[in-house]
Every structure is written in structure tokens, then in C-alpha cells.
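In what comes next, chain A is part of two complexes: it sits with chain B in the first one and with chain C in the second one.
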Partner chain A sequence: MGLLRTPFRQAIAILAVAYALIEFGIPYIPPLFGVASAKIPNTVVLQYLLTVTVGILIWVSDNERRWTEFKKPIHEVLVRPDRKLARGVLLVGVPLLMAFVAYGRALPDMSAPPSFRAIHPAPPSSIPFQGEIIELTGLENPLRSVGSLDEHYEEGKRVYYQNCIACHGDALRGLGHYAPGFNPTPLNFQDVGTIAQLTESFVFWRIAQGGPGLPNEGAPWNSAMPAWENFLTADEIWSVIIFLYEQTGHEPRRWEELEAAEGTEAEGS
Partner chain B sequence: MSERGSLARALRRTALPLLCAGAVVTALAFLAEPLFAQGYTPREYGDFPIIGSRAAVWIAAQLHLFFAAFVLGVPMFAVVAELVGMLNKEERFDKLAKEFTRLLLVSYSATAIWGAVLVFALITLYPRVWGYLAEVFAPSMWVYVGVFFFESFTLYLYYYGWDHLKKGRAKWVHWGLGILLNLWGTIVMVIANSWLTYMMSPPAEVTPDTAPDMVRFWSAFANATWMPINVHRFIANIVFGGAIVGAYAAFRFLSAKTDEERAHYDWMGYIGNFVAITALIVLPFAGYYLGREIYEFNQQMGTTMMGGFMSWLWVVQAFLIGVLFLAGNYYLWVGMGRIPGAERFQPYTKYMLVILVLGVMVWATPRNMIASRDELTAMGGQFHPFLGVLGVMSAKNTAVNLMILTTFLSFLLYGRANKRPTVSWAQRGTIIQGALFVIAAAIVLFYGVYGYFVPAIVRIGFSVYQVLAVLAAIGGVVTLNVLMMRGAESRGEIRWGQMPDRAQYALLVLAVTFTWLMGLMGFARSGIRQHWHIYEVMRDTSVDAATPALGYASIVISACVLMFLGMVAFIFWVGGLAEKPVISGVGSVPPPEPAAGD
Partner chain C sequence: MRIALPWPCDARVAAACLAVALSAVALVPTSVAAQVDGEALYVKWCAGCHGEDGTGNGVAANTMLPRPRDFTLALYQVRTTATGELPTDADILKVIDEGMPGTAMPGWVDVLSQEERLALVDHLKTYSRFFQGDAPEPLEFSSATRGTDEAIVSGQEVYQSVECWRCHGQQGRGDGESAPTLEDDAGFPILAADLTENWTFNGGGTVEEIYRVLRTGLDGTPMPTFSDIVDAGVITDEQLWGLAHYVRSLSPEETPEVREVVSAKRITDGTVPETVGDEAWEAVEPIYVPLVGQIVVKPRWFNPRVGGVWVQALHDGQELALLVSWTDPSLSPDPTWADFAQRVIEIMGPGDEGAATAAGAPDQLVVQFPTALSDGMERPYFLQGDPRRPTNTWTWRSDAPDAVESIARGLGTAVPQPDGEQHVTAVVQHAEGEWKVLFRRSLDTGGAEDLVLPVGQAVPMAFQAWDGDNGESGNQGAVSTWYFLFLEQPTPVSVYVAPPIVLVLTLLFGLLAIRQAQWEATGAGARVARLPAFRLTKAVERAFGMGVGLAWLGMAAAAYRSASLGWDAGHSDLGFWWTVIAALMAIAGLSAMIGTFIHTLPRDEGR
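On to the complex of A and B.
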């Protein structure tokens, strides 16, 4: 523990541990307990490390004595004659590191640039569907009030396995055989942030109109989702929606009374 | 002869211009007739060189709004400070209020100038929109001008009458003027709010075919988002006023020449920070109300704002609000260094810091991460399989409520640092206070986790329970604290002025961040109209009809922030030239002897 005696070293150690946790801990520790995880995108790693760095700077400087001790090794390296070697290494090393980073950023990159993605496209209040206008606002799944739910489920299952499985996968996780070929990848229905957040009318709109029916705002969407209104009837779409919710165990979002109050579920954050 | 000559000269002087004016008017009248006879129709849009019409109006509106928030927020601050001074017989609060009212005079002119720039920009660049709004809102525009006039003169009376109305009942009259000033300011704000909220949420009966003179005035005025915006802006102005006061104090502290000045501005900075952070704690609830009303008005608009292309602004917002919480707490923790007795609390600040840092990380974790194709493949989809759960509202609400509780704890510890309660039940009271914190945190955490296991419509209701738990804890702890601290002994005077410079930079960070946030979130509110001047009533058919990209928007907003801060720095400087503050009541205390082992 003597090595971590000074605030400066403690700060470096905290930063190193935080980096290790973010870069390696999050991807590799949860799977040891059977929880799925993956490498975190660099943008988020940077965001987390920036937050941790600000936190560390606050910690070392919110107390006068700690702040003085923290600055001491920096000050010594910069002015003490016996630290000439360290000073020289830093004065050469830091600009070199910056140059290396700049060089890496200036190199031509053939990969597609990352793009902002909207979480949920804004739905229209009504859509044309096979020659008629369907009002989406306040619309419930009509099949839930007619016939047998089991029959609708079975019908939805048939529709799903005939049309959707290739992309969305048999576990509804968006990992079908074609999925690796798409960017963005097909939606994972098991995720708490997808159909669990949406009304059935929203899901109907997405299935019926697919990528071509996405709004102009937030474009380009690059969605490969077909407009299923060209291939399926309204009842087939409603039944596959029942299948999605029953199979994942999620409940569709309900409409509030009066107006279409979706609340302020800020999934955008 | 000379009298007759001077009369003749006077007649020539007055008659000639009158004749010229008459000739011009007659010529215009004759010229105008054929012009109208040819079917003159006014143009729809004008052009502004280099930056374009939209950016010109945007900048004018944004700068007007920044100054308006300042001149509305600071009088609230001043009138409360004056009242505290009157009730506690503490002159330093009175001086504080006056010092800020002095800054108001210059800021008021700047507000009016930018307001005029905005109106002229709208008339010349967007005449069709302006004409429509003027037709719908004409009576309120006349009232607006009248109230603005009253507000100006009340401000002059309030400031210049300060020393005259100083004693006895006259002081209450003066304070009444301050209240009146706030009243006029609030009326001006709510009138202007009706115009801009009408553009967002016009009444359902208004369609593109509705002639403006057929729009019912009150229905347009009190539209769906008018009251939520009023509430949100009212609170936000207090936050902004407090932050700018803090920045002013920091600026003056850093340039102070004497210990007395440093002590005065140190104390002023504390007050500014206290006001800003206290109001900030309430602000998210007002924002929630506004967001909810937007969804109520139009689901598409709400989704565009929270889940659509504006959703990235909420990640930026989370990060910036995180900066506010961190900077506000940091200021308090550093400030504990000059409070005798605070050292007993300092070991706990690191745990509070951990909660805040984790809170910021959770709050700012994007639901949809910016990822390359390889990273997307590694994640197996658009959402991270492990961190994706932090992207939904249950996690965000939990994080922000815990951050609010932590910040409140910082204030509590700061306030109690140099006090020793003398009531017999002090220990039990402290235990109950601790229990209230723990219970509130447990409720917040419970509903945060439980929210993942219930339908979305139920989960929305949970956020109300979380907020109520936090507010109840704050109310309970404050009540107990007030009772407990009656007759408390002092552990020593706060050493005002012995604050490190770095804490002043935290105050400046607060002001800059607030200003930036106002601009960014204002863009989100206005931008969700997309290609409509008046949502689903009047379409934008100009070359700027597309909603600006987020990058472009942030450049414009950042430029506005820089211009505003530059002008505010000038006002601070002018404020310093005008009058040296009479510093009294905040004694600087010599630094203590270092404690053994410290």
C-alpha cells in the first residue's frame, strides 16, 4: 500500500482501475454469472472515462491539503534539477503521444462513419393501409377483443416463422441468419427498450410500412425492413404482434385515458 | 425688425420641413395607389446575408432570451435578499440586493435592444409569420408594450429610490416596488410565452384554412403548452439568476484587491450557488410536467423530442446537468475548508462523490450508442446487452433522484458544519434525519429496479413515487433541522474570503453550463415543430424548412452563449466602474492556526 501513499498515485490508480473495469470488466465479468455483455463502444468508454477523470479531479482538489500533495510530484518533475530525466521524457513523450493520436486520426479509414440513431421514430397520427386510412392514435389491437387469443397467437407464430425469423431470429433477439448483413441490425424484441416501450399501434405502423415508411426526420435510417402491408393482411400483422408480446413476455404499452398520453418516458436519454 | 426677422426664420424652419414632409406623403399616396392597384402582395420571406435568415432570427431570439432570463431571475433574487435583510436587520443582504439591481439597469437595456433586433428580424425576414402572429395576438402585444413600460419605470424607482426609501415604512414601500417589478416581469414573460407556445401547440380547432382573425384569442393565448412553459421558465429564471449572481461574485472575487472585498464576494458567491442549486432541484419536476404536456398535445411531437432525432440532446443535457451537480457540490465541499467544524464531515464527501459520478454515468448512458459497424456487431444489435438497461427511464430517474438527495445532503452538512445543536433530542433528531435519507434512497432504488418488471404505463407512475419520496425526505429533514438548530452554539465563524480560487471557477462553470443548457434545450423545444412555423397550421416554405442538424445547432447555440457571456462580462465590468460596493457585515476572519496533525 506504500506505493499508493500519495494522492497523485491514488488518482492514477483509480483511473487505471476504472479503465480496466470499463474496457474489460463490463464485457467479461457479467458473462461469468450468465449475464450477456459485450465490448463497450469507444464513444461510451471515452464518456465514462471523462466522467471518472472529472470525479478524480474533484476528489484531489476539494481539500486543500490533498490538493497540495497531489500537485507536489507534478511540480517537482517540472522544476527540481534531479528530475531532469523524467522531465525530458515527459517533454518528449507527451508531444509524441499527441502526434501518434493525431496521426491515427488522420489516417484514411475505410469503415462507415458511426451515425446517430433515433431510438423510436416519431409515428404519424394516421397511415394509409391497403387503400384505407388507419388512425393510429388511441388504436388498440382489434384481435384482442375478438376470437381466441390462442388462435391469434398460433396465427402470429405462423406469420413470424414464415416471414420474420430470417432477420429477427428464432429467439426474437434480432439474431437471425441474415442479421450480420445489416447495419442497423434487426430489432431485438426481448430487450426492455424495444416493443416493451411501445403501443401495439406503433408496432403495427412499423411492420406495415417498414423502412420505406420511416419519417424524414432522423434520416438516413438505412433500414432494410420491408413494408409488410404489401405481403400481409391487417389481421396477419395484428396476430404477429400478439405473438411478439406473448413470446417475449412483454406487455404492450397502453394508451392513457383522454388523449394519447404516452407520458414522458424519456427513452431517448 | 429683428423680432420680425427671427419669427420669419422660425416659420421658415418649421414650415419648410412640414412642406417637404407633406410633399413626400402626397407623392407616396399617389404612388401607392397604382402599386396596390397592381395587386401588391407582401413577400413571405426575406434574406439575411452570410448566415441566412433562420440563423439571424435564432441568434436574436436566443440572446434576447438569455438577457430576459437574467432580468427576470435577478429581481426575484434581489427582492428575497432585501426581505431577508429587512427581517434579520442585516445590511449586507440589502447591499447585495442593491448591487444586483444596479447590474439590472444595463442588462435591461440589452434585453430591450435584443428584443427590438428580434422583432425587426421577424418583420423583415419572416413577414408572413409575423403578420399572422400579430393578427392573432394583437391585443396581447399592446398590453406587452404597456407592461414593459411600467416594468422599466418600476425598475428606475426601485433602484434610484433605494437610499431614499430606506427607513421605517418607506422600506416596505421600496420592497413593494421590488415585488411590483417582479410582477410586471412575470406578466411580460407569460405574454411572450403565449406567442411562442402557440407556434408549438396551436388549439386543435385551428387548421391551415383558419384565417388568423377567426382564431379565438384566449384559446390561442392559453394553449396546451403555455402554462407548463410558464412554470418551467419561472423556475429556470431563478436558477439562471442565481448562477449569474454566482459568476459575478466569482469574477469580482478573483479580481478583488482587499480581504474585505474577497469576504464580501465569497459570501455573495455562496448565496448565488445556494439559490441556483436549490431551484435546480425543483426544475426537473417542472420539465417533466412540460414534457408530459407535449406528449398530451401530440404524441408524434413528444416522440420526436424524446425518442426521435432530438433524443441525442438529452444525452448532452444529462451530461451538462451532471456537470452542474458536480460543480455545485464541489463548491460546497471546497467551501467546507473555511468553516470551523466542517472537518468532521469531510471524510464523507468521497462517498457522495462516488454516488454523483455513478449517477452522471448512468444518466448519460445512451440507449442507442454511437458505434462503428464492428462495435455494433460485437454488441449483437443496436443496444448494448448489459448497459442497455441503463438507457431506459427507470435507471435515469433512479440516478437523478439519488443525485438530488446527495446534493441536498451536501447543503445540509455545509449548513451544519459550524453549529452544535443544544436541544436535548439532537442525537435522536440526527438519527431520524439519517433514516429519512436512507428510506428515500431505498424507495428510489426499489421503484427503479421494480420498474423493469412492469408494463411501461405502470412504470411511468413509479417516477412520481420516487420524486415524492425525495421531496418528502427533503421536507422532513429541513423541518427537523430548523427545529434542531434553534439556539445552536457556534463552533466558530465562517472565514469568508478564504476560499481557493478554484472554487470560483466552479461558479463560472455553473453559469456557463446553465447558459449552454438553456440554449440547447430551447432548440429541442423549438425544433420539434420541424418544418412548421406553427405546428400543423402554417408550413415553413422557406429555404430553411429542414430542421437543423444537431452539429449545426450546437455551433449556433455555442456562438450565442459566447456572445452573451461576452456582453455579460462587459456588464460586470461596467457594474464595477459605476459604484464601489459598500462592504459591511461580512467580516474577514484571519486564517486559523493549522491543527496538529492536519
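On to the complex of A and C.
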């Protein structure tokens, strides 16, 4: 590890490793363990790197000897006659780089404005549905306690194929033949981050009220999800919910689990 | 040529041996497939459209045109076998794997395993007794010729001589004179393929796939085989490849990517073009905006004819010119298409209340903007707005003389603005199966309910299109979600000024730093003042610490701004978290400043 002897080189190495971890580690390492991840925005990368830089500066200036050693290579490049070439390269390169950055910042930005959107906004405790009020809190799928599951599944399948596949697709991955026409794209029910994380009452709310029923943080103006209370009965919606869970093999979240989880949290704190 | 093998054999025999060996390998998975229940898979994933009895009459069938395949007829479009022959197992597997472009059939290659898909192939074959006979022989296809200009020209001659244009039209947009009369073998109306959109070709859009379809035909549809005229010597195989190259050349080289922003260049010498044929348009890159059926509010429409529009825009600082082009075989209502439209209306489900019952509607195009831009992210509902947030719609109809500007508060609620407030003009052209509609409007009309189109800012914009001769009218048409129009500014002066200033300043700073370091190093600086040098270091440390503190406070201020934006837009979660971040940053900044102040106090000098 002779290369990393001096504090200056160590500082550069830490910065490089930090950059690699932030830029490439965050998006690509978690998927190796089956956890979904994504690239983080450049502004956030910059903020993290600033924090790392401040940390490095605190560390190198922590004791006098390391601080002197850290400054030594910088000082030598500035002063020693035999480092004239390095000096010259820096003197030309750094201003050019800064000018290039300034040019990039001055160019007009033609991208679409950012559109933040809560994918699973907080549900209301009750919703109006076809002239009645339905309490969502604590509500489980009523069809699970009556009739046969197979019949509800078959009915749900009919509802799904007649109304939903154009967008959400035959494989329930949100890749129907209309999906490319929509932004945001239709929800992927196979994904472990969608219906598998939700109670059936939440799914009922989203189906019944669709895009227009989203709160503002869900960007209701963009969603092409229809308000299905205008098309379907409550039983049809509950049966299509059973179809979604049966066909994907996911289990809905139950209210007892949620309450139990909240209970342990309360005890813990 | 001879190949070293244990037994005497020339290359052709070797190839045959290899083919036998390979097909034996290919057969192995089929026996594995026997362990997978193909019927159960079919019932779970396929029967919704194709029906449990395989007749193509699943519950979803009436929302699709072309209809799902009827497996009992054993008629398959995508094959490597001669027309009238059954497909090979590999052919069926290919369609299951890749789906049928331009239809509702998706690809299953990354949904089901190889064994499962092979089991499905076996199951599909049980719906027809024809498959009990010998396995069909695939045709031998020659390898592709090069797509030279000569090949394309010879292909164009074949296109004329074998009369492809009778159905597909002179420019390939499916507007030939026979097009309105086409139906498939089951009697459903069918459109001649739009050859300018190869990503929607049933059999695939590459030159090789087009050639294959020309050789095999698309059985069950009016698309015939051309193998017979090659065999009869009317045209050569090379000419057929030329035809494939010509057909491929009618579409863009790359399938258009969906982009969010249509940017309008600013014309500095002159005004915006006033005709659709103006040569100024040739320099403007068309942006493809895909459209899909309006299936959000009643009555829904699952069979939109317009799959997308090409959009180009220019402005001159005073006026916007927006050119929208799309494929539409007819100028609706065209009597020759009346029967086709009527049959489409009668076939298509789901028959929502208010659905059209009679054909004869015009073609229409709507371009929609918000009536006002909001500071936050809020926009009107993408289907022509909502009661709180109306949209300004520019509507053109093929049966009206000019465009109409309206205010809409939801789909189908557009109210035309009064006569004095009509500021949009439309120039149109219908030729060779294509509409071109050129809208023009002043950036600032002065109208109270008209959006002032700002320069240098992305403005939400959405599209809707109707083809009357496909049975579309009212709410039953094709729609898009929000896209953006960006009117470019003349290049800001700062682009030319800022970089040189930054360059010179950085250079000066670098020179100064080197100068200072060398001066101190020569000992001249050290001799002049030992104590002041220490003071200088203290001062530098203080400046550095205070600078870091200020930087943190600056970031805190930016975070606070994001927080207020979040609260304003109703995103309480964004607002909350940005507030937390702002608070933490402010604490960090203040701590840095206070710490620096304490540790650089003059009394420390004594130590």
C-alpha cells in the first residue's frame, strides 16, 4: 500500500471511493441482493460529495503533522522548479474546466419541469362510493367471508379482462398495449412494492376513485386511471381485487398485522 | 469442400446431419414440457382473450380489433411455412415469446419459463386436428440482399407492378382503393397495414421479417403470399428482397422514442411558415407522440385508428406555428368507408351508455393547453381539464372551415370562445393517407382565457385525435397524457460571456496562489514577519470556517425553498422532509460559524 502513504493520496482515494459508491454503488449493489434501487440525482451526488470533502478536511487538519504532510504535495506543485510541468497543466486545465462548467450552466434548460408524485399517498379514512359512505379504516374484503373464492376469482378475472388489461396487461405487469401512451405508466401488480404492500381497502379506494380521486401529492391531473365507481359495482371491485392477489400470488396486508406492528412500535418507544 | 469427419461426406451432407442433430436437440425441451400442465397455464393466462375453448371468444375479445386468434381454425399469420400450411412449433413459440406488434398480444418470454411456453405450444395444437398429421416443413429463405438504393428502387417498381398500392396505398399508409373493403377470414373488418410504422407490423418490422411475410403471406388475412410469382418467374427472389427493402424504407430508421418535450426553434429572420409544405419544416425534427384509446370516461373507445401524431413547432417571438401530422386513410366522412365504419361500431364493445351507433363523423384533432400556468406542479386533468382547472383547446374538424378555440372543463365539455376571441388559425392538407394540420396563434393574444405562451419555459400540451371513418366521434377517440411545448429563446448572452469571465478569474486566482506560495518559500516572506504569518493563518482558518458555515446556511435556504414549494403544491410529505433537512443544515452551518469564532479568538495566540 505504498501508494497510499501520504495523507494527500489517502484523501484523494477516499474521495474517489466515495464517488464510486455514491454514483454506481447505490444503483447497482442492492440489486445483487434482490433489493430494488435506482440512480440518485446529480444534485444529491454533489451534496454527498461535499459532505465527504468536509469530513476529509476535518480529518487531515485534525493534527498538526498530518495537516503539514497533507499540504506538502500541494505546496511542492506550487513551488518546486522541477514541478513546472504539473503547475502549467493545472494552470491551463482547471480554468478550462471551470469555463466549461460555466458554459453548461449558462445554456438554457429545455427539459420538462420536475414532477414529484407520491405513488402510495395516504388514504382517507372513509370515501363516498356511489352515494354511500364507505369506512376504509379497518375494512377487509367482504367477499373473503362469503361464497367461494374460485367464483370471486372468476368474476374478478372477467372484470379485469374487460376493463383493465389494455393498460395493466395480461401478465399484470403494467405493460398492456396502451401502457406506452401513458405517463405515469400503469402500475405493475407483480412488483413486490405495489399491491403486496397494501391493504385491500387501499386498493379498493384506488380502483373506486382512480386518478381523479388522488390527493394533490399524487398528481391526479396526470393519472389515466379511471374512477371505476362510474363503471363497476362494489362487488365487482372486490372480486377484481381478489383476482389481482390470486393471479400474482401476493398476499394483501391485513389490518391486524398493521395494528400489531404499530403496537410493538409503541411499546418500543 | 470436404470436412474431416469419421465417415466420407461433403459439406451438404454435413449440413443435413447437423440440421438433424439440431432438430433433435430442439425436440428435447418438448418432452420436458410434458411435465408442465399446458392447459392450466392456458386457462390462467390466455383464456381471458382466446377463450377456454380456444375460439378467440374470451371475455375481452370484443374490446380488441384485430380479434384474438381462433386456434380451432389452425390459421396462423406468422409462419415460416408456405401459405395454407400449418406453422412449425418454433413459429408458434416465436409469437408467444415476442407477441404480435400492433395488437393486444404481449410477449411472454420473460413471464413464463421455456418449459411453460413449450407446454403452451403443445396445448394450442390440441385445438385443431390438423396438427395430428406430419410436422410442417419450413420454407427455405435466401439470405438478405444489401439494401442499396438500386434495391429500393427495384422494390418500388415491384410495389407498383404487383399492385401493393391497391390496399396499402401509394405512400404505404393503408389508403388504397380496396382498403375499405378488407376483412379477415372470420369476416371482421381489417385495416391494410400502415407501412410507415414498421413497429406495428404483425409479423415484425425488420427487412428479414418483411421478406418472410412476403413469402408466406399472413394466413387468415387478405395479405397474400408472393412465393408463387417468384416460383413462376414473374419476379426474381432478388426483386422480392428489393420489395422488402423498399417497404422497410417507408418507416423511420429507428422506432421513435417517446420524448416529453417538443421544442420550438425561434426563427430570427422572418416569420413562422404559413403552409404545411413550407421548406422550413424540413429542418425541424418531428417528435412522435403516441395516442391510445380513450378508456377513462364513458363512452370508452378501445379501437383508436390514430396510434400517434408527429409534432413539429416553430415560433418567431410573436407567433407559434404547430404542425401535426398523422396517418389517416380517408377524409372522413368518406362514403366508401361508411360501411367499414358502421361495422367497426357494431363490433366494438363494451357498449357504454352514449356510445356512437352510426358512422359519418368527421376527423378531428385537439391540441390542449392549460388556461394558466401554475407556480407549482399543478395542472388541469389531462382529459381536457376539470371544473377547477380548465383547458384551452384548439379543435380542428374535417367538416369545419377553421380551427375553434374553446374552454373545456372535462372531456366533451368544450365551449367555443366568443367570435372576437378566436385567435387560432388552421391550414390543413389531406394527401396519400396523411393529415397535416398547421395551427398558428399569437404567443400573447390578449384574450383573458388564453394562455400567454411563454418563451424559455416548458408548457403542458396534450393531444386528442379522431378518425370518423373508423367509427370514432364524441368521447370515442385517441388521447395522450400531458407533454410539453418549449419555445426556445435566442441564445442568452450569458452563454458567451460567463465562460471567458470564469476562465480569466480562475487563471488569475491560480497565478496569485502560485506567486504567494513561491514568495513565502523563498524565505523573503518568512523573514519579513514571523508573527504576522501566524496571524494570517488564523485569519485564513477563520475565513474558511465562516465560509463553510455560510455554505451550509445557503444550502439550508435552498432546502427551505424546496420545502415551501412542497407545502404550496399540497405535497405535505415533501414539505415536511425538506423542512427537516433545512433545519439540520441550518444547525450545521451555525455550529460551524460559532465553533470557528470561538477557536480563532485572539487569546489563543498565546499558546
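Heads up, the rule we're going with is that the second predicted complex is superposed on the first by the 158 of 269 C-alpha atoms of A that agree within 3 Å, B and C clash if a C-alpha of one lies under 4 Å from a C-alpha of the other, contacts with A are read in each partner's own complex, and residues count from 1 in each chain.
As a working rule, a contact is a pair of C-beta atoms (placed from the backbone, for glycine too) under 8 Å apart; a residue touches a chain by one contact, two chains touch by 3 or more.
Everything quoted here is computed from the prediction, not taken from an experiment.
*Asks:* In the superposed arrangement, does A:E217 touch chain B (first), chain C (second), both or neither?
*Replies:* After superposing on A, A:E217 lies in contact with both chain B and chain C.
*Asks:* Could you say whether A:S148 touches chain B, chain C, both of them, or neither, answering first, second, both or neither?
*Replies:* Neither partner.
*Asks:* Identify the partner contact of A:N42: answer first if only chain B is touched, second if only chain C is, both if each is, neither if none is.
*Replies:* First partner only.
*Asks:* Look at A:A106 in the shared chain and tell me whether it touches chain B only, chain C only, both, or neither; answer first, second, both or neither.
*Replies:* A:A106 sits against chain C, while chain B stays out of touch.
*Asks:* If we overlay the two complexes on their shared chain A, which of chain B and chain C does A:P123 touch? Say first, second, both or neither.
*Replies:* So A:P123 only meets chain B here.
*Asks:* Looking at A:G55 after the superposition, I want to know if it touches chain B, chain C, both of them or none. Which is it: first, second, both, neither?
*Replies:* A:G55: touches chain B, not chain C.
*Asks:* Go through the superposed model and pick first if A:Y178 touches only chain B, second if only chain C, both, or neither.
*Replies:* A:Y178 sits against chain C, while chain B stays out of touch.
*Asks:* Contacts for A:R253 in the overlay, against chain B (first) and chain C (second): which applies, first, second, both or neither?
*Replies:* A:R253 sits against chain B, while chain C stays out of touch.
*Asks:* Identify the overlap between the chain B-contacting and the chain C-contacting residues of chain A.
*Replies:* The overlap between the chain B and chain C interfaces on chain A comprises residues 47, 54, 111-112, 114-116, 118, 173, 175, 180, 183, 215, 217.
*Asks:* Spell out the part of chain A that touches chain B in their complex, as residue ranges.
*Replies:* 26-27, 30, 35-44, 47-48, 51-52, 54-55, 58-59, 61-65, 67, 111-112, 114-125, 137, 173-175, 180, 183-188, 191-194, 196-197, 215, 217-218, 250-254, 256, 258-269
*Asks:* Which of the residues in chain C end up touching chain A in this complex?
*Replies:* 44-46, 48-49, 58-60, 63, 103-104, 106, 108, 111, 258, 260-261, 263, 290-293, 295-298, 302, 349-350, 352, 377-382, 386, 389, 456, 458, 479-482, 484, 486, 488-489, 491-492, 494-495, 498-504, 506-507, 510-511, 513-514, 517-518, 521, 548, 551, 555, 566, 569-574
*Asks:* Write out the stretch or stretches of chain B touching chain A in their complex.
*Replies:* 288, 291-292, 294-312, 314-315, 317-319, 322-323, 326, 329-330, 333-334, 337, 346, 349-350, 353-354, 356-357, 360-361, 363-389, 391-393, 396, 452, 455-457, 459-460, 500, 502, 530, 547, 550, 598
*Asks:* So in the complex, which bits of chain A are touching chain C?
*Replies:* Checking each residue of chain A against chain C gives 47, 50, 54, 75, 78-79, 87, 90-91, 94-96, 98-103, 105-108, 110-116, 118, 157-158, 160-163, 165-167, 169-171, 173, 175-178, 180-183, 210-212, 215-217, 219-222, 224-226, 230-231, 247.
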